[in-house]
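Common to both upcoming complexes is chain A, partnered first by chain B, then by chain C.
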Partner chain A sequence: MNSLFFMYLTNGIVMGIIFALSALGVSLIVGIMNVINFAHGELYIFAGYISYILSVKLGISFYFAIPIAILTIFIIGILIEESLIKPTYGNDMYSLIITFILSIVLQNFALLVFGPFPNKPPNWISGATNMFGLFRYGNQRLVSCLAAIGIIIIVFLLIKKTWFGKTIRAVSQDRETASLMGIDTSKVNMLSFGLGCAIAGAAGVVLAPIFPVTPLAGVEISLIAFIILVIGGMGSLWGCIIGGLIIGIVQSFGAAYISSGYKDIFGFIILILVLFIRPSGLFGRKAL
Partner chain B sequence: MILKATGISKSFGGLIALKNVDFHINSGEILGLIGPNGAGKTTIFNVLTGIYHPEQGNIDFNGEDISKYRPFEICHKGIARTFQVTRAFLDMSCLENVLVGIIGNNPNLSPAEKKSEAIKYLEFVGLKNSVDTQAKNLTLVGKKRLELARALSTHPKLLLLDEVLSGLNTTEMREACDLINIILDKFGITIFWVEHVMSAIMEVSGRIIVLDHGEKIAEGLPKDIANNAEVIEAYLGESDA
Partner chain C sequence: MKGIRYGWILLIAVAFFTATICYPSISISADTIKIGVVGPRTGSAAATGTAFAEGIDLALDYINGKGGLLGKKVEVVFEDTGGVPEKGVAAVEKLVNRDKVPLVVGTSHSSVGIAISEQANRYKTPFIIAESWADEITSKNYKYIFRAGPCNTGVVSEIIKWLKAEGFKKASLVAENTDWGLGIKKLTVEALKEANIEFQTIDTERNSKDHYTELSKIMKYDPEIILAFVYGFGVHYFIAQANEVGLTPKAIIFEGAGPPSLWPQFWENVGDAGNLECFISSMHKSAQPNQVAKDYWDNYVKKFGKEPSDYKSRSIYRVLLIAFDAIEKANSLDGDKLVDALEKSNVTVPSGQVNFGTEKGSVWYHQFQPPMLIIQWQDRQQTVIFPENVATGKLIRE
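Here is the complex of A and B:
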């Protein structure tokens, strides 16, 4: 045990929490609507681009840039749901194909508009913190991690404590009965799709200062989010947190002690193990 | 008259579930609906609540044709139901289950009012001590009571009961019938009731309609229905004599 070990562990936890946040939005949409949003990663990078444009090109402080970026993605999410997802209700395969096509369209849109170069909004904070006298860790990563924890807590409170949360839990458990109790399920779908996209957007703005956005950066994020989704169990919010932490920590240790070239393979190894041992994911398919 | 259905037809592929069914429900009565398995009883409920739209016919509810409305709109108009196989939101507490009905129909109440209203209905159905129990931990009777509370919380004018008595023992049936009579008297809610337990439905209903193979074969007072030749034939099969 040396200080490097703790640095890798810290890095794994920080990345794990940020991964968890990026998977949370997909999981929420799967849990409520049974729609798998393949365009999740692209919405994530769009939020990164929006925060980049607002803060670098227009010089707006990141205190404002962040909420504007998240809100924009929320509205884009609602527009996507109303125009593309709504007509596919009742056939999961159609929505899968449509969001897959959407992700390709959005990638090329980003390539056309923003160009192939990495773009990065300025760091929120500079410097590094001495962690328990063991090693120094970048402040931006710590702040991004705290922001991610904050957003995850807000999402959990929204679902467990608010009126809107009660209706979306009811809809995710039994859509037909919820509608018979007077809940407008299409409105709930619209808002929860928007919410899921907004969480992707939140992950995007939190992560953009650490990992600059490129038109294809969303692919990797989507991939990790889907691995986490399967490991944790489709639609399970706690599964996202645990799955995210597992992937983050294993990637960090694997890259450090085995080879950083194999970084991406560790997630897939865990995925295969989980599918062997618990095919429905660690938390199974649970209601919200 | 609270509801008048005229010429309702509904088929699934080649299977005709309902064929030109007419019936009406008087305000403040308990109307019983009986019929052999597969007669179309549950389909009638699904058509009334907007889960299915009838291919033909219309449903006049308080002077408005609701046959094209969606389920939540029909719920807002004042029709609520319970299920033959209970469908409580199992991963939510009893309180939350009832709150869903209140949020769906009365979103403008303050949180405290919503909660006290929900507790009022839970107390009424006898679940006062299970307010925070997860619905999945309730007994069958408990789940049926919870469904009743949840249906009442939507402020229905017409309550559709789908075999509330199935799976209950004699004492529980007695209690359920008493509860339903109180719902009629105290809340003034009209009741449309599908039931397999003949003794109970004959005793409680004011009027009964009988379905067989998607068609209405009889309508009348319980004692007339019990002696109706066509009804006996539908239930017992044709006699050889």
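Here is the complex of A and C:
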């Protein structure tokens, strides 16, 4: 065991938590609404862009820029649900195609408005920390990782401990019975979709200082999110966390000890292995 | 179902709107000479497409201001490659068969350049490459393929001369896993061995944003210089993260693609980590070899209200000037006559006087290598540090 090993492990865990946060919104939407939101990555980048404009162009402190960006994406999510997703209920294929087209439209819109260059909000904190005298690690990464953990905990508390979370879980388990119990399932869908988008937005603002946003940055985020979704099990929040950590750690060690030139392939290898061994994902419900 | 229909209509309308704004069509009329340009207007190197668009504007102003070519106005049909070979091939297919262009210029990715050169040669359509550096493109010695831009062999030769001049003894070589990255890595490895410079090599994924793993390996090796052959925004992350892990400023980063160190958001993305970074370029305000270069600079400032930074705007300008000259001298749009005119070209462009190699058997066939500069960021100012005859300052190390 040397300092390099601990460096790879630390980076794998940090990246894993970041990946988990990126995938959490997709998982929530799939779990509740059975809708696969292909435009998830683009909502992530738009949150990054909004926080960039607010903090760099308008000089607003990131303490305000972050909640404004997340709230904006929440509202955009609700508008998307009402205008594009709601009419597709009952046909999963329609929602899949429509969000796929939406992602392309948003990519081009980002290219048109923001240009091809990466945009980076300022770091919340500068410098690096000497980790146990073994290696230096960027402070912004550590803070972003802590912020990601905080957001994940808030989402879990919201889903598991609040009345709103109960209604979401009820709709997710049995939509018809929930409706008979007086829950307005349309509103739950709308708010859940908005919440899923807001989580994508939260990931965007937390990560944009480390990985600046570009019009196509969302594609990679979506890809990783879907890999994690399948590995962890469709709609499982815990699956998301474990899946994210697996991908982060495997990528880090794979790049370190096999080849850094083919870092992305390790996620796909894990995906194939999981699909072979447990097609429903690590925490997924088996089909009846 | 009514809702679904509205949703679709809305999406299609928005898609149409963005598509028409992002990719404006260029009107073509029979009274014009059309020249095809290919380059990445989308994808991870879309910034190059922006630079190309600027260079095209200036070249068209220049030629049409002189009355056009063969008594006709010149127009450019600029097709997007997205930095992807198959899109590049489709773009040339359209340019040759639908737009009927007599020649094509441009492109910046080696993989795209390699794919397009096969196709252009098959169609017997002259293709002048601006910024695809892979040796393979001209070493195949195709009749219709020319390159008026850097080739890997020429670039590596300059880099090694500089490393020797500065007395570097230990280097890390990081290369992206693309045709360009792996090609230039191979040549650099051979040259480093010949120069007796100790080195390690590390491959990196082209679109990778997280370079901590690669940087940890480099930290352990403790080099004096890191030769980073990474194109696109990835190199910004690499530079910022190298500083986080404490690798720089102790070691110097040399960025071997050039434009990413000049893109507008460079300083926003890398912060102070960009100081003392070195990069390769074919353009600097202080190194203007002729009046054409000075005119280009002045016209750019006049048109865009800023000084040119990405040298790829001048690269596309360069190949368009060569194309204009060839059409004028050939007095024809016939492919074979254009090849003949290109082989005899001696036109002056901002990089000097063009003379394509005509002896078969090497990478220098149909190759014009513009002089390359090595520049260092010193307190956010560009200082030319190599070659000595145009240097404006010396390399600063920590």
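Couple of notes before you dig in:
Please note the rule applied: the second predicted complex is superposed on the first by the 285 of 288 C-alpha atoms of A that agree within 3 Å, B and C clash if a C-alpha of one lies under 4 Å from a C-alpha of the other, contacts with A are read in each partner's own complex, and residues count from 1 in each chain.
Keep in mind that, in the parts below, a residue touches a chain if its C-beta (ideal position, glycine included) is under 8 Å from a C-beta of that chain, and two chains touch if they have at least 3 such contacts.
Everything numeric in this text was worked out from a predicted model, so none of it was measured.
When both complexes are overlaid on chain A, the residue A:112 reaches chain C alone and has no touch with chain B. Once chain A of one complex is fitted onto chain A of the other, the partner contacts of A:170 are limited to chain B, with no touch recorded for chain C. In the superposition on chain A, contact is made by A:56 with chain C only, not with chain B.
In the superposed pair of complexes, A:179 makes contact with chain B only, with no contact to chain C. Of the two partners chain B and chain C, it is C that touches the larger number of chain A residues. Applying the stated touch rule to the two superposed structures, the chain B and chain C interfaces on chain A have no residue in common. Across the interface of their complex, chain C is touched by residues 4, 7-8, 11, 15, 56, 83-84, 86-88, 94, 98, 101-102, 104-105, 108-109, 111-112, 115-120, 123, 126, 128, 135-138, 141, 211-212, 214-216, 220, 252, 255-256, 259-264 of chain A. The part of chain A that touches chain B in the complex is made up of residues 163, 166-167, 169-170, 173-174, 176-185, 286-288. Residue ranges on chain C touching chain A, taken from their complex, read 1-4, 6-8, 10-11, 14-15, 18-19, 21-22, 42-47, 49-50, 176-177, 202-205, 207-210, 212-214, 216-217, 219-220, 233, 236-237, 241, 244-246, 263-265, 268-269, 271. Residue ranges of chain B in contact with chain A, taken from their complex: 49, 51, 70-72, 75-76, 80-81, 83, 87, 89-92, 96, 99-101, 103-105, 107, 111, 114, 150, 154.
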